[in-house]
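You will see chain A twice below: alongside chain B first, and alongside chain C after that.
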Partner chain A sequence: MRILTAMDSHSYSRDIIPDVARLAANTWADLTLLGVQQDKNGPDRKMVEAMMSYQDELLAHVNREETLYEPISSADLKETGKGTWQASSRGRKKLTICLRAGDALKSILAQAEDEESDLLILGCTRGFDCEWENELGLPQKVAKEANCSVLVIKEQKKASQISSFLDQTNVSQQSLELINQLVTLHDAGLKIVGLKGQKGLIGKEDVEKKMMELLKYYNERKISAWIKMVDMENLEDYVVTATREGIVALWVGKKSLLSKIFSRDLVGKLVSRSQSSILILR
Partner chain B sequence: MNEKRTLSILILDDEPIVSKRLKPSLEKRGYVVETFTESLKALKRIKERNFDIVITDLKMEGVDGMEFLTEVKKRSPETEVIVITGFATMETAKESFKKGVFDFLSKPFKLGEITEIIEKAEEKILSR
Partner chain C sequence: MKKALLCLDENLASSIALRYADCIPDLIETDIYLIHVEEPDKRQQAGTGWVRRTMEKGIKELGREAVQRLLRTEKVKFRFKGAPNIVVGDREREILFELKVGEYDLYIEGNVSTPNPAEFFDLVTSKLYSKAPCPILMVKNLAVNNRVALLCGDGVDHDLLVGSFLHLTDNRDVEVDMVFYKFQEKNEISFLDRKEGGSDLEAVEKALLEGGKQIKGCHVVSGTPEVVGDYLKDFAFVASTLPTRKSPRMEVMANTPVSLLLCH
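Presenting the complex of A and B:
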């Protein structure tokens, strides 16, 4: 698994380090820490210091029992492209520190594309209208535009419940696996939310069968999972309510019915309205 | 000139899609690949012959991946085992390494990631 973590110079970026560290330590992922700066002439000294400090903190968490990543020195940062400086270490798994100069949204999305990241993580301010590096709405835009899954961490707290909105008929194996990792990380219960139309379940027999398969899938893996059916017309409100109960995972992959309900614009709004962390699965 | 040795790979994962994705790609690269979705059948197979590389999931019905990899290493210590799992924890990763696995990969993973690990395992095997 490849995880990209976008970090700015604010405290919420430091606050997500324990979660990133646990996820990385659990999954033995190749991990990249990305910082974005304005100066295009060379690595910004303050940003480099911040990234090195984040690295130290991350390694202190991850390498507590096992050396998973080798440290990177700031002197190793080399220009790998116009306005991009990068250094990697090869421990058991690959750790990369990268600085990109320019527009934050474009830089984060470009890095995720270049690395073919499975998961992009970023923290942001709490409450509505989240900010990142003083830019209002950037996490929403990242969640909206990215082609990979995005975890926006608004509050660093242990979730006891993960509500998954999956479009049970088409959900991808990759999305189920990412939810598995999140459930393991938080040791949380999993609420699987199914969709009902006006006349009951959409495609009733197929959906019932798929829901039961999903439940079986999780129960066999000893995950405490249960099903909740929701009217499609109330879905948006229900998703927002669920963000008060714990983490929400929303599958909006190409084949997902939810991608038709939750347009990319609506995904952005949802991240903004969400009161807790939210995982957008693609 | 010596001909390159053809390596054999056994893949065990109860999600059929994993084998479906991996098998054709690995065969194209010249490996001989056998796939299993049931651990008991895979266990029977490793009693019949040794494989150069074994790729196994951890959480499965019947014999779980940890027992399976223990059996593989007991029968054939030279076999390089790659563990893949959708429920990774630090403990399972540590236990896997204690048992001598070559690498540990969490799902979801890209085809490129696992082929890179297989190539490294191949290098190790061919350098012996």
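Presenting the complex of A and C:
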């Protein structure tokens, strides 16, 4: 698994480190810490300091029991492309620190694309804003535009519930594991939410089978999971309520009706309106 | 040994009910019999004599195959009593007939409907539920532990609830929580003093203790049906009396993702 963490020099980026560390340690992921900066002439000193400090904090969390990642020195950062500086270390898993100059959204999406990341994580300000400093609507845009799964960590509070909405059968093993990890990290319960339209469950037998598989999958792993059905007409209200209880995970694959209902604009709206973290699974 | 009848169809609700059956022996000492009802459409009901009998035989065979497929897919460990009973006819009528003739102690079926209170009300006031001669276990999800809750409150016949519960679980060491529900238009659950449960709660506690049950907790809870329904999700099932009218308690039961033991 490849995790990309997009960060700037503000406190909401630091706040996500404990969660990133636990996710990375539990999944044994190759991890990249991406810092975005404006200056194209060379690594911004303030940003480099922030990234090194993030790395220290991360390694203090991850390497408590065994060394998963080896540390990287700021002197190792080398220009690997125009406005891109990067250094990697090879411990048990690969750790990369990368700085990209230019438009933050383009930089984050380009890094995710280049690395073929499975999961992109970023923090944001709390409350109804969900912003990055000087980057209007960035978390929403990343959630909308990225081709991989995106976790927007909004608050550092423990979620009592993970609600994952399902209307399609195209569910990857990695996304299951991601949910699994979030449930474990938060010691939360899991609701597998099916959508009911006028003609019954959306996706019918195939989705029924998938829901049962998921229920078995998580139950066998001793994860408390429940199936819950929601009427399509109440979906948006239900999602907003679910964000109050905990993390909302949306599978928005190509075949998903959710991707039509939660059009890319609505995914962005959901990210900003949500009172907790949001996981967009692709 | 009690007798329970589990109704199966080839769908998600039945898959869940079938797998839930694995944990039933820990809660209720019972043999479980299987039934599947094939409801012929109007076209299939046409004809008389040999034509109709042949048609019914075909429908029955399809039903048998569907149940076998379900049993093969779910691979449950529980050993059901006898071969599945495949019946052709009106679902409610056939199940009621079997429950009466077979003198069952419990009827079990899966249900994965939405928390829509109106839909839930239609179900619990249906002919099958209101006329069933025994309690009904509505399986909504798999059980995560062996603790069960008795949902008490306004509109509950507490004597009937405790009596039915003790009858079903008499030989089992089941851990019980008493939950007394009070409606409040508040999106957060509040735990009130147990005095708020009044004499009903005391009577339930006394009867449970006399019945040899261990009471793990006694909670007087208030909040909206949604939040209280959610609070109940960690129990193996929630027992209460069958609601006969729309009420906040009925909405709690509609909203909770946990299985329900409906006594009447």
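Here, the second predicted complex is superposed on the first by the 263 of 282 C-alpha atoms of A that agree within 3 Å, B and C clash if a C-alpha of one lies under 4 Å from a C-alpha of the other, contacts with A are read in each partner's own complex, and residues count from 1 in each chain.
By definition in this document, a contact is a pair of C-beta atoms (placed from the backbone, for glycine too) under 8 Å apart; a residue touches a chain by one contact, two chains touch by 3 or more.
Everything numeric here is computed off the predicted structure, so don't read it as measured data.
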Quick one: classify A:229 as touching chain B (first), chain C (second), both or neither. second
For A:184, select first, second, both or neither according to whether it touches chain B, chain C, the two together, or no partner. first
Applying the document's definition of touch, where does A:66 land relative to chain B and chain C: first, second, both, or neither? first
Can A:25 be said to touch chain B (first), chain C (second), both, or neither? first
Would you sort A:196 into first (chain B), second (chain C), both or neither based on which partner it touches? second
Okay, in this complex, where on chain A does chain C touch? 161, 189, 191, 194, 196, 201, 205, 208-209, 211-212, 215-216, 219, 224-231, 241, 244-245
Chain B contacts chain A in the complex at 15, 17, 59, 61, 86-90, 93-94, 97, 104-110, 112-113
Considering the complex alone, what residue numbers of chain A touch chain B? 1-2, 25-30, 65-66, 116, 118, 173-174, 176-178, 180-181, 184, 220-221
Per the touch rule above, chain C residues touching chain A in the complex are 11-12, 15-16, 19, 112-116, 140-142, 144, 187, 226, 230, 233-234, 257-258
